[in-house]
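Below is one structure, written out as structure tokens; the observations come after it.
Chain nomenclature is as follows: A, B, C and D, assigned in order of appearance, with residue numbering initiated at 1 for each chain independently.
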Amino acid sequence: MAKPSTLDLAGIFPALTTPFADDGSLALDSFRANLARYDRAGLAGYLVTGSTGEAVLLDREELERVWGAARDAVRSDKILIAGAGAESTGEAIARVNRVAALGYAAALVVTPSYYKAAMNAEALVEHFRRLADAARIPLLLYSVPQFTGVAIDAAVAGALGEHPNVIGMKDSSGNVQRVTEILASVPPDFQLLVGSAGTLFPSLALGAVGGVLALACALPEACLRLYRAAREPDPGLARVLQQQLLAANRILVSRHGVPGLKYAMDRLGYYGGPPRPPLLPVGAAARHEIDAALASLGQSAASPR
Amino acid sequence: MAKPSTLDLAGIFPALTTPFADDGSLALDSFRANLARYDRAGLAGYLVTGSTGEAVLLDREELERVWGAARDAVRSDKILIAGAGAESTGEAIARVNRVAALGYAAALVVTPSYYKAAMNAEALVEHFRRLADAARIPLLLYSVPQFTGVAIDAAVAGALGEHPNVIGMKDSSGNVQRVTEILASVPPDFQLLVGSAGTLFPSLALGAVGGVLALACALPEACLRLYRAAREPDPGLARVLQQQLLAANRILVSRHGVPGLKYAMDRLGYYGGPPRPPLLPVGAAARHEIDAALASLGQSAASPR
Amino acid sequence: MAKPSTLDLAGIFPALTTPFADDGSLALDSFRANLARYDRAGLAGYLVTGSTGEAVLLDREELERVWGAARDAVRSDKILIAGAGAESTGEAIARVNRVAALGYAAALVVTPSYYKAAMNAEALVEHFRRLADAARIPLLLYSVPQFTGVAIDAAVAGALGEHPNVIGMKDSSGNVQRVTEILASVPPDFQLLVGSAGTLFPSLALGAVGGVLALACALPEACLRLYRAAREPDPGLARVLQQQLLAANRILVSRHGVPGLKYAMDRLGYYGGPPRPPLLPVGAAARHEIDAALASLGQSAASPR
Amino acid sequence: MAKPSTLDLAGIFPALTTPFADDGSLALDSFRANLARYDRAGLAGYLVTGSTGEAVLLDREELERVWGAARDAVRSDKILIAGAGAESTGEAIARVNRVAALGYAAALVVTPSYYKAAMNAEALVEHFRRLADAARIPLLLYSVPQFTGVAIDAAVAGALGEHPNVIGMKDSSGNVQRVTEILASVPPDFQLLVGSAGTLFPSLALGAVGGVLALACALPEACLRLYRAAREPDPGLARVLQQQLLAANRILVSRHGVPGLKYAMDRLGYYGGPPRPPLLPVGAAARHEIDAALASLGQSAASPR
């Protein structure tokens, strides 16, 4: 069945960080300031309260405040997506329909993961079907095994891709073979967004429509440059830019996580600020490593505007 | 530094399930009925809202209701422990001190786990130290890598074992070598409780003081029988009972999880009831397998009283 | 330092199977018949006695006979590569120089792997450096973690890529992110061959020069078609062909291994024959699955000529 | 069916190292000197050419020489076991019957492992059955997943335990839960030997009859002391000795492998000597760590006699 949605997800979406003040409270003014700057960069839209947004460290009232702040601050031509998954199917439905009421274009719903061994294909399909049946906005499935220990494979994506309310997925596994298999299993209007800057070019070559990228919080222009080279297509340029972004992603995101990314944002004129415990700020060695990575990307990528 | 607490955790604690009615709401009357029956079995106490209690599927208000119901129902000579961990350090502190206010003897605090790669020794020690400094009741660390992907190793346990407010830990890894190493690293008054019925006897032989066991929800007497044989010590009997309990645990708990355990409880005269989605009730094949496992344990273990 | 070798490895190399007669002995006539048919397909050359060649199941005298048979049978314009690795550095040197003496163009040398924990970067670099210093023909490193549990990462490849006698590597990990990182770490004349048909297109897009593929034993034309579409570049066609080949590779190679591949070869007019124990011939269910996979690839790919 | 063999494997067997001279050749005089000293320690017998014996780094002719040297040097009341496994079923049969002809009491046969995914229960049972049918001496199965990536589980052990010529197994997995399950699945006269000093006491408590231990090459007396405390039973002493041996085993064997063990042997008056490449001698940091571990075990364990 064709998707009723006309939402076109082609392009780059930063997976936004959630700014905190030094006392640990939400720093929504800084959040708005970051968004104002991102709005000038040519991005397709934004993901709020995803893994990079430290959503699992926010309570329900804080989630509301972040959702509202983004909704009020973002330009109307940008696509707004909210991370709205939860361990419990009922809680996930409640969150999805809350962001629907707030005017979000789509919700990103992560696999439940605490009871890993129970999250087999049958349980995942059932969970997401209930969600999709109840949701008042389109859903994007979210597979991020490095955090959850649970991956959405091609069989699950294929079964859910038939649902008119499941318009696509974010695959952050970094597994290009799985991307190939998923794209072979879903309808042509199912939109796959890659969730790791390290595999953006090959994933686009294989049919992904875009990326939802933590790295784009710090380096939106560099991510867009690679996206455009891949879509051109200019494989020679894309290859070189992909090598650069993979190296940067390894250090800023894979190795040093949200704290590393926030530090890089601070260095580049965004508000990064402290992570929330149990995440710890990066130490001196990590800062040095990140500084070197940014320097090697050169002025055009790494300097504040 | 010696522990100020005189809490003696020797013995068997069931990791209680949380009963739900068919409409998905809490079934607290059934919870109380289960507790009344457990109170006659010779158990040392109870853990509520742990992994087996589907705590990650309860909202904050439901947690309160379960904590209150157990507190009111349980005999005063039983040790009550509440699962009170959270991804965020701040939320975990709030939960621990809430169960302290409700009169719980101790809180079990699981490792944060979403940002797995960041949960290195430094971050874990820092998280638990902040908790232990702020907590108004003693803490038990909780390592359950099959759910979290994060394990507490001997170095982390050793560093935290010095804190006067960390009186022990529950290790559910099933890794007996790690139990040996942890016990070599902590002070003598640090109490290790094993979290898996499959390794109860060898863990007790190595110095663990007891167990916090999902299997004890369905088979409290069998777990107690093994505990006593191990403490006697009667190694010949303990060996045979351990083989039986490991086999039962594989099927009821490891393979079929909370839904399998709840089904077994229903079969044995307790209230098991449905799991909460995304957990699905066990199907016909699993029910058959569990029935066979209970039958092979014989009347004395498996028949309702 | 530039490579003295002018060996151009661009193209597709089947990782040849080793034919056995029903009594378990080498079936070299069938081996030659397969080679005669492959010689007409437009392949760049051949790998003998690799993982697909069941090299670990051959004794030293059998290896000699296979090396000699291939050398005598293959057309002179085809590049002949021999798998010549061994657990022991000394034995690997002996094998490499033996195939050198037989006239092989290059040797493929797998990582030692029995003492996995000891095969860190230092040990791997030292092992391959000694080999490269002693070898009288150019070397290709071989990383195949699904068999060995040991992977060659970008740091090791980068260190060895400087050696004039290491002209490239075969990466069978299926990890496209690693391919990107390796290509960013090696000199421009270091030739990367992908070892899995499932990631041929994205690897070529990222700069690999070709593939050494088990699947090409059964489906050389289909592999060549994808190779050419990727080199054109015709990304739309390459994407479709890649999805088809990944599906075929999953079934014939990943799931059913050498026995599955040999069965498919039998079905397509090559000599597959039995695997050598402990490998077991595929059963009825696997044969049915492979038949269906071949049928779905259509006449042009799957029918004998 | 009862085992025809009357071989009683109760006790401690060192998994002997293979001494090499500085030029890399076999140092059989040193091998004999080590054996003469071991013969005075109260060990049950010896395993030659196992994983610790660097068997995968020896060629066939060297294996013969080691087998012969041990056969000639060892006291007649000691049980001699030879590692005789191979990737190919046929080669394993040949090796087993060669050591049978040399007078070995039993052969230890490791799981084939290169084609890991194919080594399912069916293939393992078939491989070992063919071996057991053809072997002229009793067999011990060998499960060592840290080297092979393949484990023998309870179902495979149970199926093979019925064979009259399979008298037991060496389980080096360090997984005590698996030991429990295996012992529940095999006939009472099937003898399980644990392959890791780190789990000797709990494994003996659960019904293992002894150990085949790398650590016993350096510390035979300490291993025997733990064995006797466990058999007494003296659980309090066994617990303390187990903690000490696990700590030593972690450093000498798990962390630094055969090179670490050989260094420790050199320090304790045995001949350790260099490992064979690709294994590298331990560096200064490892030597320091091993020295400290030996010192912490005290004079009685660590000083040369």
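Here is the rule we go by: a residue touches a chain if its C-beta (ideal position, glycine included) is under 8 Å from a C-beta of that chain, and two chains touch if they have at least 3 such contacts.
Computed from a predicted structure; not experimentally measured.
Comparing mean CA positions across the assembly, the chain most remote from chain C is B. Measuring from the averaged C-alpha position of chain A to that of chain B gives a distance of 35 Å. Mean C-alpha position of chain B lies 50 Å from that of chain C.
Chain pairs that touch one another: A-B, A-C, B-D, C-D. By the touch rule above, chain B contacts chain D in their complex via residues 174-177, 180-181, 183-184, 196, 198-199, 201-202, 205-207, 233, 235, 238-239, 242-243, 246-247, 250.
In the complex of the two chains, the chain C residues touching chain D come out as 24, 51, 56-59, 87-91, 112, 114-119, 122-124, 126-127, 130, 146-149, 254-255, 257-259, 276-280.
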